[in-house]
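As structure tokens, the structure follows; a few thoughts come after it.
We just call them A, B, C and D in the order they show up, numbering each chain from 1.
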Amino acid sequence: MLIEFALIPVAGLLAVSLAAILAGGRPSISAPVYGASAILCALVAITGLAAMLGGGVSTTVLPVGLPWLGAHFRLDALAGFFLVVVGLGGAVASLYAIGYGRHEREPWRVLPFYSAFLGAMSLVVLADDAFSFLVSWEVMSLLSWALVLAHHRENENRRAGYVYLMMAGFGTMALLLAFGLLSGGSGGYAFDAMRETARTPAIAAAILALVLIGAGSKAGLVPLHVWLPLAHPAAPSHVSALMSGVMTKVAIYGFIRIVFDLVGLPSWWAAMVVLVLGGATAALGVLYALMQHDLKRLLAYHTVENIGIIFIGLGLALAFQSNHQTAGAALAFTAALFHVFNHSLFKSLLFFGSGAVLTATGERDMEHLGGLIHRMPATSIAFLIGCVAISALPPLNGFVSEWLTFQAILISPELPQWGLKLSIPTVGALLALSAALAAACFVKAYGITFLGRPRSKAAERAAEVDRFALSAMFILAGLCVLAGIFPGFVIDALAPAVASLVGGQMPTQTAVPWLSIVPIAESRSSYNGLLVFIFIAASATIAALAIHRLASRAFRRSDPWDCGFPSADPATQYTAGSFAQPIRRVFGTLVFAAREKVEMPPPGDTGPARLHVTLRDLIWDWLYQPVAIGVTVAATRLNALQFLTIRRYLALVFATLVLLLMVLALWS
Amino acid sequence: MTPTMPQTIAMTGGFVFDVAHLLAGGLVLVSLMMLYQRRLYALLNVFALHALVLTFSVAWQAYIQDAPHLYITAAIALVFKAIVIPLALHRMIVQLGIHREIETAGGVGLTMLLGMGLVALSTVIMLKVTSEADPLAREDLAFALSVVLLGLLVMVTRRNAVSQVVGFMSLENGLVLAATGAKGMPFVVEISVAFSILIAFIVIGIFLFRIRERFDTVDVQALDRFRGEMS
Amino acid sequence: MSAFDPVTVILLVPLVTAAILALISDYHWGARLNVAATFVAFVSACFLFAARPEPGDYIVIDDLNIVFIVLSTFVGFTTSIFSASYIAHEVEAGKLTPTHLRFYHAMYQVLMFAMNLALIANNIGLMWVAIEIATLTTVMMVGIYRTHEALEAAWKYFILGSVGIGLALFGTILVYMAARPVVGEGSDGMVWTVLAGQAQHFDPALLNLAFVFLLLGYGTKVGLAPLHAWLPDAHAEGPTPISAVLSGLLLNVALYALLRFKILLAANPAAIAPGPLMVALGLLSLTFAAYMLYRRRDIKRLFAYSSIEHMGIIVFAFGMGGPLANFAGLLHMTMHSLTKSAIFFSVGHVSQVKGTQKISDIGGLTVTHPWLGWGLVVGVVAIAGLPPLGIFTSEFLLVTSTFARQPLLAIPLVAGILVALGALFLRLGNVAFGEPRGPVAPAKASYVPMFLHLALVLTAGIYLPAPMVAWFQSVAKLLG
Amino acid sequence: MELIADLAVQGVQMALVLLLAPLLTGLVRKVKARLTRRQGPSLIQPYRDLLRLLKKEAVLAHNASWLFRVTPYLVFAATWVAAALVPTFATGLHFSWSADLIAITALLASARFFLALAGMDVGTSFGGIGSSREVMIASLAEPAMIMITFTIALIAGSSQLSTIAAFMLSPEAGLSVSLGLALIALVIVAIAENARIPVDNPATHLELTMVHEAMVLEYSSRHLAMIEFAASLKLLLYLSLIACIFVPWGLAGHGAGLGAYAFGIVTYLAKLAIGGVLIAVFETSIAKMRVFRVPEFLGGAFMLGLLASLLLFVVQSQ
């Protein structure tokens, strides 16, 4: 029953795209397209919420897709949760785009794909057979590829699109192979059939590896993340928000659906692989992010970090599940899902903010920004909330999910396997490291972009963005705050989805007094976002009021002190590059093969001194470059075959003939 | 149930077999001779001999199979392949001024060795055919296969378009040998006619497209220079 | 039934039209007649669904070839529409004269005739003859521009094709030899329906040998590596409608011939399994062509190599066998025909507008020529095997079923597909997007064939009608 | 009734930390001065300083934003809340379960986050230096702190400070290598977090070595007072933390009588005094290290923490 309610708005989204194509993507249809998408996405989200809270399962089969199978769709609690993520993200992004879309120079390269992209993401979540799943999955990639190419005239964007499509193709192939194993070669493509099939551990392991590649490449798991920081920033900002905030979550959904639902009970070392990959992803992602000074690219790299955190949660859940520790599995899984939700909120918010900055200044490069807090006050507040949330600082939502992940780590010594015993604390250390670096990263992002003095004329002339964009940002900021101070409600809402996959759930949180959250038992650990929030707000307010009332509230403006150093020129401010320098010194040589070269003019020379910093992406150098070179070399070598004489071509035919005859002669 | 009857048949069979065998084997031998030739003239002459042996072979098959239409094929082989085409090619190579040239890729000795290997291969493969099948056909096929392979070998080891045409024709002779050896096979005549036309096309093609004028030489190597893709 | 015999119409109409076209000097009328004749052939082919004639000595209509006949006449029809707008431009540009066009149109119909005959023939000798006629016809069409490159391409095609002809004939003779002891002498030994019924009694060694020769002989026509050498040049240098027909149809016809013989071999348990040979050649073609795509500078040659790649996939699928893989192979073949011809329709107009086939001189098509550009994008997306277009469906079935059965074979398959994807999109990125390069004059193009094909491919990717599925499934079963 | 008592005890704790923090700072300064044979300021000098600052007129740079003005209060509030959540003289306080050790660490991180932002707000070069170095130090200190938390939580079976303290008092808690490693790591973290020598020098305004002070360079009057107050609170917090975990003797349990609370307060004061003296002794006997040696120093703490928790993971299997 519910599934029809979900499919109708999805069909509506596809229809909106079709209408946009028929209208030729005229600029005048921009607002109607985004408006309709917003409403339809809201419907999707509401249906998802109903399914998520209801916990029931509703299925349907449509007569499309594979002919003898039909297209199966299913809406259960897990799908419901991800529908909420997709629908909410889509609705808010559409709202944002009503205003933001007006600045699009070539709307016909965005509008026809936009709604269908949202529809495809919803369909991935709803699909209940391998074919529908993969078609929706790949259509989602393809449409986002088209959106990445919206600003196709820049070479960099075309390259981004290319790398993206290649990785998407690679991932899809891995998933194809995974489904090949799941279906057992006899065409059992319906997920129901896959759930019922028993598999050997070897096959299950192979499936897990393939899904890690397939879903991991889409989500941005290291080392398959390389496309993400190229492609996400290239798209228009509301699409970047969707790609980073929502599409990566759809990839997570794919992983969860296959690994937790279809494959069956995992083995512990599978969990270890996921954990280690997650930990590496988190730490590397944030280090990469720290080194960026393109605001959108920084955000995109940071998505990689968050994906790592989610995978750590999922890996922990697998570890507990393989040892039949349901409570731990439920905790870790809840943490992962909670982080999925949180990240979809604050990453969208931050991309909206960067889009607002882009609209206002035309700049993505932080080195040309600064001081926007004065010129874009509302945006800067929303962006700040996003930064605090994503840096996992209490009392906002990002902290809650990371805290839950830490709690899951804390109960993991009970796991018997040595591999897990050694890897889990290490992963915990990586998680802690990445959380701290994330804060550094967003101090940099916010400090350079919004604080200080403008570093360019464009930043000086910036103006606040339109009210649609602002309302979209504030909706998300509000949700970040709410999810941070009322985490219990979110955890309880997630419970049916968690229970359906790991067979257990966390204690009911809304029953705990004072709205605290308690992962296992109150004596072990608890956290109360609401109280922390109230305490901080109250103490800060009381302190301020008391001081203003009893001591002094006078102030005057003057030049900055700066140790008496007259720094009139904004160029004397710390730059994004210099801000990251200490951390680059600490981690750079190891992770990025960083090299610094100083060109100091000799005394008396008035020429400028220069600092050259080179950073290399070692994963690109060691993993992708060899593949690219290999293909090029093979192509070049084989290309000689295009220029042979007819005689040599005949010789090839002849050789083949003789070879086959010899096969015949030897065959008995 | 006289013991002589089967014996007579066997002897007749043996004789029929021997002649067919001899002629087919002769064809293989001539094919090998073609591999040995270094001069174009000589090659053409040997090819004419090849066609001649084929003519006899086909005629013999026509006789023993009592299939008169095969005589047509024999006639075509004689007139067209043993006389017309070699003469035409003679004229052509003189016109093109390449009659003294020969360009083999790889040494003759190696080519000969390869040729022997191919004959051996054909025999081995045909030995696998169950003896229930007509032994005559079986041997015939072994030789036909050898001729086809040797024809291809000629095409592959010569750089020169004319000698490649010759190689192709000897390949086709092998096909005709096989076709005529297959008792009662329909379309044999039609096929031999079709092939003759094909060869005519090739020969005419060399003239018509004035390959010499356009490409300086009939050497097919030169044909490949005009490609948009040299990089 | 007696009043209207679709088979006769399918064969006679092209033949008669060819004769008339050879006489019509006005190329406008020639083009129109060409379209009309192919349309009639297509409509009559559709009538074959309703009623099939009994198989005779020379004619057979069964589940297998009806797929090919309808597809062939359909693509023949749409290509003739494209051809009409294409050649008009060639005449205006002075590349072809009306005399050439007379020849061209007549040859087009002869080609149609030959292909239909090859598909309908029940006699393996007749089939051979028909395929050779088709080859010779296309040889002449490829050389029609009379440029160095065109002549050279035609010559290469001719020589390699002739050798292929020879090998295929040898194979055909061997099949007859194998059949003779069982079905007796005379033409019965070449009638496919008879052969298929008794193949299990044939001598396996002879069948094996025959299959090797047929595989190489017809494989040359299919364009399997390493027998492919003629294909890229023939596609690149000939008129684009012929490229479309070559890729979309002629390759299929040769493939059809291979399939017929594969069925024979599969019916004989003692014979070598044809599957592994086809799988090996298919994989080789796929991998080879995928790498070759990278260094292409000529846009038509690029897509010609893509045809080799796809033929590799199809042959691989049929080599794997089994209901899913065979179904995938058939679907893939159909989709490839439609898609590749649509791509050539687009590419043909593009190269006319830009006055070049060099990829580096073409850029930003979606900016200057949105219809052609986006058509090309959709076509490449389809040919690269991305959903929601039809080729994805077949690749989905093929890869999943193969991986479950033979994981080691699926990996090179997947790798090949990916490598090809990379090459196609590498080129597409600059051809369809980026700053426009080359002349930007509007194209005088007929978009109907292209978008008709793409619409069909799109529909098939989402929804396959049940009758078609049932029919494909029965063919898949036939193929074993 | 019980609730009121609980709330009262909680209130005492909040007031206590607020009152004691400047005193502790004063004590450290005094002892340091005496150790270097100076007279030194009076013990209550920090209170005087704060009051004086509070009364002054604030001077703001022209482009200082609202964030610059709000931050001191936020930093103060977050630090105060964090300090109030650490058991000082009694465990099981009414609101102690609203945040565990991880959350307390994170609260301090929040404070630092805003402070670092404020350092960049005016757009001066020194503010940037301070902020960037501060986040670099924090990015190593925080994970080290989390690893310490892991270790302790694994030993005590809880990350809740009250439970930890109760566990440490119980006979189950023995000496363990992990605990020792954690203590060393915690001391290192505390030094770094509080900008003490050898990581940073709170008394210096020497440009190239400043970290924390560079960050707050633009602050004056009441804003500066709040920040200084927060710094004192933080020092107190870390001492309380070490005391609560490693020397929990004297801590009153939940609902203990007034006598127990009084005894708790006395022992707490004693612990603070010892801690303050130890800091002063340590600081006078060591030189400040180069900024880029700090990562190695803190990396050591991080590794110690990791080693400690790894050991525990391994040990707990037996």
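Of note:
Simple rule for what comes next: contacts are C-beta pairs under 8 Å (C-beta built on N, C-alpha and C of every residue); 3 or more make two chains touch, one makes a residue touch a chain.
None of the values given here were measured: they were computed from a predicted structure.
Central chain by Cα centroid: A, whose mean Cα position is closest to the mean of all protein Cα atoms.
Contact tally for B-C versus A-B: the pair with more C-beta pairs in contact is B-C.
Chain centres here are means of the Cα atoms, and by that rule the chain farthest away from chain D is B. Separating the centre of chain B from that of chain C, both taken as means of CA atoms, is a distance of 32 Å. For this pair, chain B with chain D, the centres built from the Cα atoms lie 99 Å apart. Taking each chain's centre as the average of its CA atoms, chain A and chain B sit 69 Å apart.
Chain C and chain D have Cα centroids separated by 77 Å. Not a single residue position of chain D touches two or more of the other chains. Chain contacts: chain A has residues 639, 642, 644, 646, 650, 653, 657, 661, 664 touching two or more partner chains. Listed for chain B are residues 125, 128, 152, 155, 164, 223-224, 227, 229, 231, each touching two or more other chains. Inter-chain contacts occur between A-B, A-C, A-D, B-C. Of all residues in chain C, those touching chain A in their complex are 155-156, 159-160, 163-164, 167, 205, 208-209, 212-213, 215-216, 220, 226-227, 229-230, 232, 272, 277, 288, 291-295, 323-324, 364, 366, 381, 384, 386-388, 392-393, 395-397, 399-405, 407, 410-411, 414, 417-419, 421-423, 425-426, 429-430, 433-435, 461-466, 469. Listed in rising order, the residues of chain A touching chain D in the complex are 370-371, 373-374, 384, 388, 391-394, 399, 403, 406-407, 409-410, 412-414, 416, 418, 421-422, 424-426, 428-429, 431-433, 435-437, 439-440, 442-444, 446-448, 451-453, 514, 516, 522-528, 531-532, 535-541, 543-544, 547, 551-552, 554-563, 565, 567, 570, 572-574, 578-583, 585-586.
In the complex of the two chains, the chain B residues touching chain A come out as 105, 118, 121-122, 124-125, 128, 149, 152-153, 155-156, 158-159, 164, 220-221, 223-224, 227, 229-231. Remark: chain C residues 125, 129, 132, 136, 143, 148-149, 151-152, 155-156, 158-159, 162-163, 165-167, 169-170, 173-174, 176-178, 180-181, 184-187, 189-190, 203, 205-206, 208-209, 233, 236, 295-298, 301, 357-358 touch chain B in the complex. Across the complex, chain D meets chain A through its residues 54-67, 70, 73-74, 76-78, 80-81, 84, 95, 97-100, 102-103, 106-107, 109-110, 112-113, 116-117, 119-129, 131-133, 135-136, 138-143, 145-147, 150, 153-154, 157-160, 163, 205, 207, 217-218, 221-222, 225-226, 291-292, 295, 299, 302, 305-306, 309-310, 312-314, 316-317.
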